[in-house]
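Submitted below is the structure of interest, expressed as structure tokens.
Each chain gets a letter, A, B, C, D, E and F, in the order it is written, and its residues are counted from 1.
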Amino acid sequence: MKFVIAIVKPNRVDDVREALSTVGVRGMTVTDAKGYGRQKGHTEIYRGAEYKIDFTPKAKIEVAVDDAQLTLVIEAIRRSASTGKIGDGKIFVLELLETMRIRTGETGSDAL
Amino acid sequence: MKFVIAIVKPNRVDDVREALSTVGVRGMTVTDAKGYGRQKGHTEIYRGAEYKIDFTPKAKIEVAVDDAQLTLVIEAIRRSASTGKIGDGKIFVLELLETMRIRTGETGSDAL
Amino acid sequence: MKFVIAIVKPNRVDDVREALSTVGVRGMTVTDAKGYGRQKGHTEIYRGAEYKIDFTPKAKIEVAVDDAQLTLVIEAIRRSASTGKIGDGKIFVLELLETMRIRTGETGSDAL
Amino acid sequence: MTTALDTGNTAWVLTSTGLVLFMTLPGLALFYGGLVRTKNVLSVLMQCFSIASIVTVLWVAVGYSLAFTPAENPAVNAVVGGLGKAFLANVPRGALTGSIPETVFAMFQLTFAIITPALIIGAFAERMRFGAMLLFMALWSLVVYVPVTHWMWGGGWLQRMGALDFAGGIVVHVTAGVAGLVTCLYLGERKGYPTTPMPPHSLTLSVVGAGMLWVGWFGFNAGSALAANGAAGMTLTATQVSAATAASVWSFLEWQRHGRASVLGIITGAVAGLATITPASGYVGVGGAMAIGAVAAVVCFFSATTFKRRLGYDDSLDAFGVHGVGGILGSILTGVFASVTLGGTEQISIGRQVGVQLLACAATAAWSGGMTWVLMKIADVALGARADEEQETIGLDLTNHEERGYDLT
Amino acid sequence: MTTALDTGNTAWVLTSTGLVLFMTLPGLALFYGGLVRTKNVLSVLMQCFSIASIVTVLWVAVGYSLAFTPAENPAVNAVVGGLGKAFLANVPRGALTGSIPETVFAMFQLTFAIITPALIIGAFAERMRFGAMLLFMALWSLVVYVPVTHWMWGGGWLQRMGALDFAGGIVVHVTAGVAGLVTCLYLGERKGYPTTPMPPHSLTLSVVGAGMLWVGWFGFNAGSALAANGAAGMTLTATQVSAATAASVWSFLEWQRHGRASVLGIITGAVAGLATITPASGYVGVGGAMAIGAVAAVVCFFSATTFKRRLGYDDSLDAFGVHGVGGILGSILTGVFASVTLGGTEQISIGRQVGVQLLACAATAAWSGGMTWVLMKIADVALGARADEEQETIGLDLTNHEERGYDLT
Amino acid sequence: MTTALDTGNTAWVLTSTGLVLFMTLPGLALFYGGLVRTKNVLSVLMQCFSIASIVTVLWVAVGYSLAFTPAENPAVNAVVGGLGKAFLANVPRGALTGSIPETVFAMFQLTFAIITPALIIGAFAERMRFGAMLLFMALWSLVVYVPVTHWMWGGGWLQRMGALDFAGGIVVHVTAGVAGLVTCLYLGERKGYPTTPMPPHSLTLSVVGAGMLWVGWFGFNAGSALAANGAAGMTLTATQVSAATAASVWSFLEWQRHGRASVLGIITGAVAGLATITPASGYVGVGGAMAIGAVAAVVCFFSATTFKRRLGYDDSLDAFGVHGVGGILGSILTGVFASVTLGGTEQISIGRQVGVQLLACAATAAWSGGMTWVLMKIADVALGARADEEQETIGLDLTNHEERGYDLT
């Protein structure tokens, strides 16, 4: 199995979720994050004090998938998350050794 | 070493922490997350506008452990996080290549 | 490639970001987290009800790097995040199988 | 009309002046601010504060005079007043309006001139650029609010025609509500409306604002009696009864439709009851107030929920759906429940009076609607009214003001 | 008692009416709302707004009349008034109560009728279902608040017996405090209490509410003088002194016990001082006010911290621990410090008066406690009073109102 | 000066007393509290509440008497009053100050005695330990505020010299502003200042506070007329005009410099306009008020932005930059615009009066500055004034009060 981490723009999350559902993904976990990269941040000014904020808001989507699903999943994320603008984000793939569904104790693919 | 990621219900975190301590885990990192899965979300209505919220609040617990501890740790999490209801969450196990304690520079198991 | 996860004190994040830039890291993702470990938490009291809070605020920095960069990156984080006090945090290194830049579809090192 | 200063009446109108300003700063600002998304909260607060500031300057400069000073020429005076009191010239400290100092009257009226344009914000929230908003509001205050105030309260044609508007159903709510409808039609709906969820970012904030509006409305309505007497007492009573009845009925309707009552519902109901009773507040009895409150809840409930969604326009925070509809409704019902035969204070023929009220509403709505479109066009051409897509995505706070509403980390 | 309208007195009571409503909307709502967990904040705000609405309707319909209109039969009148002024019939605009319009008096009293049941919320917060809460409060307002008000202020038996209660220690705080204790005993403690931490979700909100309560209390106490004169001035002074003394003493006690003072502590102390001085506020001097404030802080400090934990009942926000205990304490101390011998205004024998005060508290507590249990039972059987486990876990906001307090992402 | 009680005037001053207390609790507390970082919000709220409590006790005990009771010895009376009214002894309910009860006057003045030290908080926010802060404030209130009040309003030397200060430019803003500057110089800048970003944690909160300050200032200035008449009306007008003008000008300056206007800017401008008009508010006309508001915005804008950064001291929330500078500026301009020749009310030679005003400011600044340093030293030696590095990093809320401002999870 693989553990896929996708960093996307916050307003893309719903589309990504739908796209993943259509390729058979039944669950995922999303976390709010701040991203640093080529996309530049913004400036804030308070009584003349100018602050450069380098981080931009991102959403981190984590999804565990079967090896068989992987390419479909990556493609689904890319398609649904892409706006063509800098800052669209990244997809990272890690090896997933084991999975367990807490409720049932099922392991492996059955736990996804 | 292994990197264990557990997605659990927010109100289980304290129990999981205690369970992990009892099996000798000395540290862990917890993040607020939103989960999507079989457990269904809720509805919100504002002046007639009905919003279906598919995500449910979850806590993500990350803990790095020795290979020797792994089974104990997984069992401890399962036991303490399980309520038997849909949405109890998942445990994911990844391979952990290296660890370092920033304060001392120690690496490997000593850094846990 | 490697996927580096660093748990650091929140007020170290900017220094870590700068340190990473100087060693050629072009992007990273940061998440707010709560840490449990040797560093002890604090107490809160509300109308005589005393609560022991075991968790301390931490920042989780995730950065994907080339194998070549790894040692430099680890060293940069350690140097910039260390205060010498308990609670400075940890660095975890995982194997990263694949990376993709969503905007362009580039993969591997080019996507970093 | 007495001609000696009454310190008690003056004390009450001074207090009411504070209460009505409080309705805008921060009352309405919070009520609206809580309903938008986090990324736009400051833009709403900013709009309220900047309107309060610019309108104050304009009001003192010419607004008060044009609204409340008779123009020499009677024909002109039917539609707008004169400039004899520009910059409050010829308003010595000793000058009285009834039994209170004229300066107090001028400031009390100023607070109405402030909240009226501020009400419009609710219709175009989350998508109008700050510069154009401010230009539009400055013009609107002079071109719409000031003349209509003169028509109704400054000796203009509506007043002479016998239209009844105790505390501003026509002057405040009809003008602002209709203007709101026009501005949101002009700007078009927010990006993603209605598919994308746009939940209130802090109902807590909105509830605080609602509480301030409710209490402040005592000054708005009972203060309009310009005296601390039985009339003020009955006006306050009618206000309280209508607000409470409307809030209760709204909750009941929600419970009927959704199986539960909501806090957004109850505060919206209260505001609907308050807006609707306004023109009638000084003329009706307890029964009339209850009836008006109940009708207000039913009508505004449908206009703000079903109706709006069906027609598909994006009145972001229901400035028209609640204030406009409530204002029109209340102005018409004033023609009914003001009658002595229904426990009111006026010796009127209900049929005839309703006709007068309808005419007054129509004329005011037409003027406000038409002028609003023209002024929006001017502001748009001059400064660009609509925030571009990126500004809307990132939010107006960062893009228009380079600030963030919260930094809670 | 003068029989001519005094505009100054009227202006002050009109203002006080606004101030006391402001104490509930949004004052108390925020004070309580900030103390609960995020998932329940709206439920508290909703409870306050719905109580304000329903009680207003009931008060105007029958409450005011039953409380303040004499019943024909003197025996009946000892316990409850008549219906002669139902729907404020026979209350013309010209009618006076002392030197102010009766409508103003009726509305001023309404704001007390609103905040009293709202105070009870603090005892059962985070676990009572909305429907049952509303039914209970409507009944309680008629069965407990209205009669007790008549006993004490409407010519009923307590008043005739010579009990002293200037602004509501017995009528407001004893009735609500005891009712709170009974409701929390009836419902049982919250899931996880006392082991699970249940920290306030926003002390900032509670501090805002506390500030509103403090200022609003000027209207509550000094407004009860029904005049803008030296009596009102001294009452306001006593109120301010007691609040400040209690806040200081509470901080001192915390510093003694925990080595630091807290903001929750100082606002709780201030509220304790305000609740406790209420019945005495119009009768005491500066020294008496300081003494009452100091004693209030010490007694409420222990009742809200040590005492409650020892007995183990879950008075979520200390409605009984602060308001109930403070009310009883203040009502008794009124019998002491009201005496001219101690700088007060009353020619009384302290011993006898304390006895009268004790009897009044006991009778009121018994009636309120007993009826509260009965009415809770009725509401429970009819609609189900206790939120089920899942509702408590998810929170009342989403489960009872389908809304969320904040969406700050 | 009339010697009969006027209920209308009394009603207005009672109301103003509530308004000015509301400026501190919770107005100023929120205005300041929103500007600090999340980890310190409670410390600011706590400082405001504890100051309000301790100062109330001290004021009633000796402060009021020392400020407003003549000392036997005329020489002594030039600098401080007597103890004849300690604990408000010899202040019967019937006692009058002008046409209002003396108790009302004493409480109205108390609210000024409360907000003045509270203003200082803005200068040392986020780094002063609670215990030392409280000790310092108690001493400062007696050593600085009370005497200066006597100098200016209690028959002391400034008043006899003919200095003009209608509502507290010298007594409130100069004393507090200069004290702020000294405290922040004494404590040194916050850890990380100015390199580390220290953005406001909740501008929403600050805007709420600003709204409360604006409205409350009606009581502050117009209440100082101690009557509900034309003087109060004109004072309120001047206050509103100056605030609005300053807010508008500040926004304009920001737009010039940064290409956009901000909400923090507009509320800061409004407060600058309010602080600056204070000493002049009762003496000037509309034109004077506009001029003062405009100048206030320009001068404070540069003192709070450019100036402070250039000199590098850390006046955290610009207590000196806005209140101090505004107070001095306003006190001087009073000498100009109070003149009848410029639409004011005073028959003065502008040149001479400006000299008197300058002298008054200088003397007050010198006394406040010097004593502040001494008292800080005392508090520091006694209890340790500066939070240590770890406390500053973790925040004052957890380390000084063991509480957290928000728990929104």
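Just so we're on the same page, a contact is a pair of C-beta atoms (placed from the backbone, for glycine too) under 8 Å apart; a residue touches a chain by one contact, two chains touch by 3 or more.
Computed from a predicted model, the values in this text were never measured in an experiment.
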Notebook entry, point to check: Could you give the fewest steps needed to travel from chain E to chain F through chains in contact?
Noted result: 1
Next item on the list: Taking all residue numbers used at the chain D/chain E interface, answer same if over half belong to both copies and different if under half do.
Entry: different
Checklist line | Chain pair, C-E or A-D, that carries the greater number of C-beta contacts | finding: C-E
Checklist line | Chain centre separation in whole Å, for chain E relative to chain A (CA means) | finding: 52
Checklist line | Averaged-CA centre spacing for the pair chain C and chain A, given as whole angstrom | finding: 17
Next item on the list: With chain centres taken as the means of their Cα atoms, state the distance from chain B to chain E in Å.
Entry: 46
Next item on the list: Two or more other chains in contact with one residue: find those residues in chain A.
Entry: 31-32, 44-46, 94-95
Check: Mind pulling the chain D residues that touch 2 or more other chains?
Finding: 6-9, 11-12, 15, 199-200, 202, 208, 228, 258, 262, 264, 402-404, 406, 408-409
Checklist line | In the complex, chain D residues that touch chain E | finding: 6-9, 11-12, 15, 19, 37-38, 199-204, 207-208, 210-212, 214-215, 218-219, 222, 227-234, 236-237, 240-241, 243-245, 247-248, 251, 258, 260-264, 266-267, 270, 285-287, 290, 345, 406, 408
Next item on the list: Note which residues of chain B are touching chain C in the complex, please.
Entry: 3, 17, 26-32, 62, 64, 94-103, 105, 111
Margin query: Help me check something: in the complex, which residues belonging to chain F touch chain C?
Written below: 393-394, 398, 402-404
Next item on the list: Flag every residue of chain C that touches chain E in the complex, lowest number first.
Entry: 44-49, 51
Item checked: Footprint of chain E on chain B - complex, ascending -> 11, 42-46
